[in-house]
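Following are the structures in question.
Paired with chain B in one complex and with chain C in the other, chain A is shared by the two complexes that follow.
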Partner chain A sequence: MTGYIISVLVSAGIFALLAQGLNLHWGYTGLLNFGVVAFFAVGAYTMAVLVSVFDWPLWAAMAAAMLAAAVLGVLVALPAIRLRSDYLAITTLAVGEICRIVLHSSPGVVDLTGGPSGIRGYSHDFFGLRETLGLQWMTGLEFLMAAVWIVVLLVLLVVTVMIRSPWGRVLKGIREDEDAMRALGKNVVAYKMQSFAFGAALAGLAGVFFALNLSSITPEAFLPMISIYAWVIILIGGGGSLLGPVVGSVLFWALFNATTFIPSEWMSSQDAAYLRLILVGLLIMVMVLLRPQGLLGNRKELLRESRH
Partner chain B sequence: MKADTELATDPDAGATAAAEAEAFLTADDVVMTFGGLRAVDGASFDAPLGRITALIGPNGAGKTSLFNVISGFYRPRSGVVRVNGVDRTGKPPHVMCRHGVARTFQLTKALARMTVLDNMRVAAPRQVGEIMFGAMLAPWRVRAQERANTTRADELLERFGLTRLRDSYAGELSGGQRKLLEMARALMLRPRMLLLDEPLAGVNPTLGVQLLDHVQALRDEGMGFVLVEHDMDAVMRVCDAVTVMANGRTIARGTPAEVQADPVVIEAYLGAEDD
Partner chain C sequence: MDEALQLVADGVVVAAALAVAAVGLSLIMSVLRMINVAHGDLLTVAAFAALVCVNAGLPLVIALIVAAVASALIALGLELSLWRRMRARGGSNFSLLLLSVGLAYVVRHVLFLIFGEETHQYAPPTRELAIGPVYMTREGLTVVAGGAVCMIGLAALLKWTRIGTAMRAMADNMDLARASGVDVARTSAITWVIVGVLTGVGGVLLGIGGRIFPNMGWNIILLVFAAVVLGGIGTAAGAAVGSLVIGVGQELVTHSALGLPPEMKQAFVFLFLVVALVIRPQGLFGARRYV
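Right after this comes the complex of A and B.
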């Protein structure tokens, strides 16, 4: 049972960060991003390559990972963000796949990333911190869990301050009506870029912890399904609410990993893996029917939007 | 320069030319097309500060399209838009705003899932807190500005009779209330020139009168207005000058009385009613 709880909390923490990035894009700015996995992957790989190939210290590699994801965010947004939101959706979806394929087989890149065989040997520094801090009584996984949740809470704090500031109010305004905001003198494109870069940096940070949770990363770990998970989490928790991604992520992973309790005499682990997808599908249906605004979303807000 | 020379030769023409030189906002021979349709087909007009200039014309005359060109939402095919004597043709809306030209929309754009108060506060210009990380780097300045903006928002809400709705979502307001909110919100910008696209449509008559009183008061303080409005009684009562549009062109201009008597204008309106 503790094993279940810890593995749920590790995944939930990682995906809470990823979903918070998406929440910034979609929940607060109204930007349709279907390729958060791209920023997730760039974060993971930047950290892994800098630590294992270039021997960077972990903290610097982490900062670089966020920066790299943010820069990719700007590059993706630059051509697409002026267009209608559905074009951004298509572009981001494609960028997610392009990233994976580049990591997998692009000459030059592959020399650093190891291509399909992946990259390893980047996590010693992190788990070494356990001794430095005198926390040997924790298992590696417990230490990761603690670290990721501290980061989740810090990010929550920063995002809360930003969203409640006039800057966040402009993002919400853009989500509501872009033209109104332009008429009020706001440089909408600049704000969308900022939101996009910031959310991408959070996804990159999530990618760092995702990599630390695995002894090696391969491009196949970054399938489009990751982006879909982030969307499901937003759907469960409620977009446009600060705690929504956190709560949604915990519930999502609690359900997703629950199939480990099914005795192997009842069902093979392969069947259980399908069952978990079915469970997630059912959860989405129940949510959409009973609480379309998500658990923490504001029902009033949702209704108002549909009335007009 | 030109005004000076003309003033020397012909006092009458000189007076007009001087007024023109003063005009804060001018549109010169603007053409705006949608595919083959010439929505604005060579329209010229000007609006000085301290005056309410009406822009009238039958449905589809191109008034809203001209507004969109002036406020930077559409780029005209040809023609020039000047603000304070400087060519600002095709500049984006947020730049036009910075130069003192603000607008409202014929179809209101309330920020539905934000409160009325936040609709107002978001409009305040030059907020330090709107800079990314601004609230973290200069929290005290942001808080002070926020307090000042809230006070100003509350004053405007009071004047527009929206105080009661301050904390409601803008999406909950009626059509008329949204019109009021939109105008109040535009005033948060402290514009020098405000373009109002049918501000009275859907507003109950008592409130409409108040709204126009308010516009006149602001005019007396030196603000300029361009008013697109179908309610002729209102137009004739409050406006200082009228420009008439039909089929994308500006066909007449003058005082309300002059325009009302102008056969070209009567013809344009009757012609439109025949359709």
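Right after this comes the complex of A and C.
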């Protein structure tokens, strides 16, 4: 049971960061990003390659990972914010797949990423921190859980401050009425780009912790399914609410990992994995049909057609 | 040169199945303004429906008909139970898309649960026939012929029948169509039935030309979307041309002179999709209005 709780909290923390990034894209800017896995993958791989191939210190690699994800965010957002909402969704889905395929088999890139065999040996620095901090009594997973949740809370604080700042109020204004903000002389495109880049950086940070949770990363860990999980979390928690992604993530993983309690006499672990993906699909459908604003969201804020 | 010609021939086979899949997606996008992400997985359902028939000893032609009918019934059922309800409630394009993502996950993993991960074939592949400088299998030729029949049939239906006119009117301007006496609910339902039949045939053609496995439809949905976007939404000719460019293009990228690993071909198609959407979202033949 303790094992279940810790595994839920580790995944929930990582995906709370990812979903908070998506929340900035969708909940606060109205950009329908279905390829959040691209930023997640770029963050994970940037950190892993810098640490294990170039021997960078962990903190610098983490900062570089966030920066790389933010740069990709700007590159995607630059042309994409002109598109109709559902077309943007497809475009970003394709961007996620391009990232995965490039990491898997692009000549030049695979020399660094190891292609399909993946990359390992990037997490010693992180788990070595336990000795430095005198926390040897914690297991590696417990240490990771604590670190992730400290970061989740810090990010929550930063995002709250930002959303309540004049910058955040303009962002909300754009979501409610873009033309009005334009008439007030606000550079709508610049605000959207900043929010998109910030969200992408958070997704990159989530990718760093995702990599630390695995002893090696391969491109197959970055399927479009990751973006779908982030969406389910937003759908559960509610977009445009600051606590929504955190609460949604904990509920999602508590439910998702609960299928491990299915006795193996009932069904094989493979079938249980299929069953839980069926549940993910059903959850999306039920939330869209019954409560599109999520558990914590404000229905009025989010039922508008988010096109621009 | 021979290698390039062979790649073109392989690409045409891919394109034929892709076109039938693409035109279904495209019709729903134009007439009902919805991106159905589950389209790929409904192709898979049809392919498996035919597989069950073939395994029961029925000839492939009967299996094709069963798959088409089953697929049409599923499409109609979904329209009546899900999509119509969502539209009536004023659901946005995006909530419909999200709903179809959920449906795609449910359908695909139910197939995994029933059929497992193995790949299947309707029949062992036959010997390749030399046609001029290129080699094609009998299956490949069947797929090309089947694809051509579907595309021409659909183009004729859209152009010359009453329902085709009603569908084009709805694609053009929903309110004007309603005001001119088009029964929108009925036309929507019939559109789904037509798309269901196309999905059924498309899924079986994909199965004939390749292999049948639960991920087959999901794996090609972005390619199908790329074909639709490239050709322009809502026309049979657009879907056909878009599919030809995508199908032949992705095979040509694997030409040995370029020295790229074959896995990269999809990355090029997706990149192409992104660039096409950004530069010319209405496609080669489409009108600006849908985007």
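Convention: the second predicted complex is superposed on the first by the 281 of 308 C-alpha atoms of A that agree within 3 Å, B and C clash if a C-alpha of one lies under 4 Å from a C-alpha of the other, contacts with A are read in each partner's own complex, and residues count from 1 in each chain.
Basically, contacts are C-beta pairs under 8 Å (C-beta built on N, C-alpha and C of every residue); 3 or more make two chains touch, one makes a residue touch a chain.
All figures in this text were calculated on a predicted structure; none of them were measured in a lab.
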item	value
First (chain B), second (chain C), both or neither touched by A:284	second
Chain B versus chain C as contact partner of A:134, first or second or both or neither	neither
Partner chain in contact with A:170 - chain B first, chain C second, else both or neither	first
Which superposed partner A:108 touches (first chain B, second chain C, both, neither)	neither
Touching partner for A:263 - first (chain B), second (chain C), both, neither	neither
Which superposed partner A:198 touches (first chain B, second chain C, both, neither)	first
Partner chain(s) touched by A:186 [first = chain B, second = chain C, both, neither]	first
Of chain B and chain C, the chain that contacts the larger number of chain A residues	C
Residues on chain A lying within both footprints (that of chain B and that of chain C)	304-305, 307
Chain A to chain C touching residues, read off their complex	32, 79-80, 82-87, 89-91, 93-95, 97-98, 101-102, 104-107, 228, 231, 235, 271, 274-275, 277-278, 280-285, 288-289, 292, 304-307
Contacting residues of chain B [partner chain A, same complex]	71, 73, 92-94, 97-98, 102-105, 109-114, 118, 121-123, 125, 127-136, 142, 145-146, 169, 171-172, 185-186, 188-189
Interfacial residue positions of chain A with respect to chain B in the complex	158, 161-162, 164-167, 169-170, 172-173, 175-177, 179-188, 194, 198, 240, 298, 300-301, 304-305, 307-308
Residues on chain C engaged by chain A in the complex (per definition of touch)	35, 85-86, 91-95, 97-99, 101-110, 112-113, 222, 225-226, 229, 259-261, 263-264, 266-267, 270-271, 273-274, 277-278, 281, 291
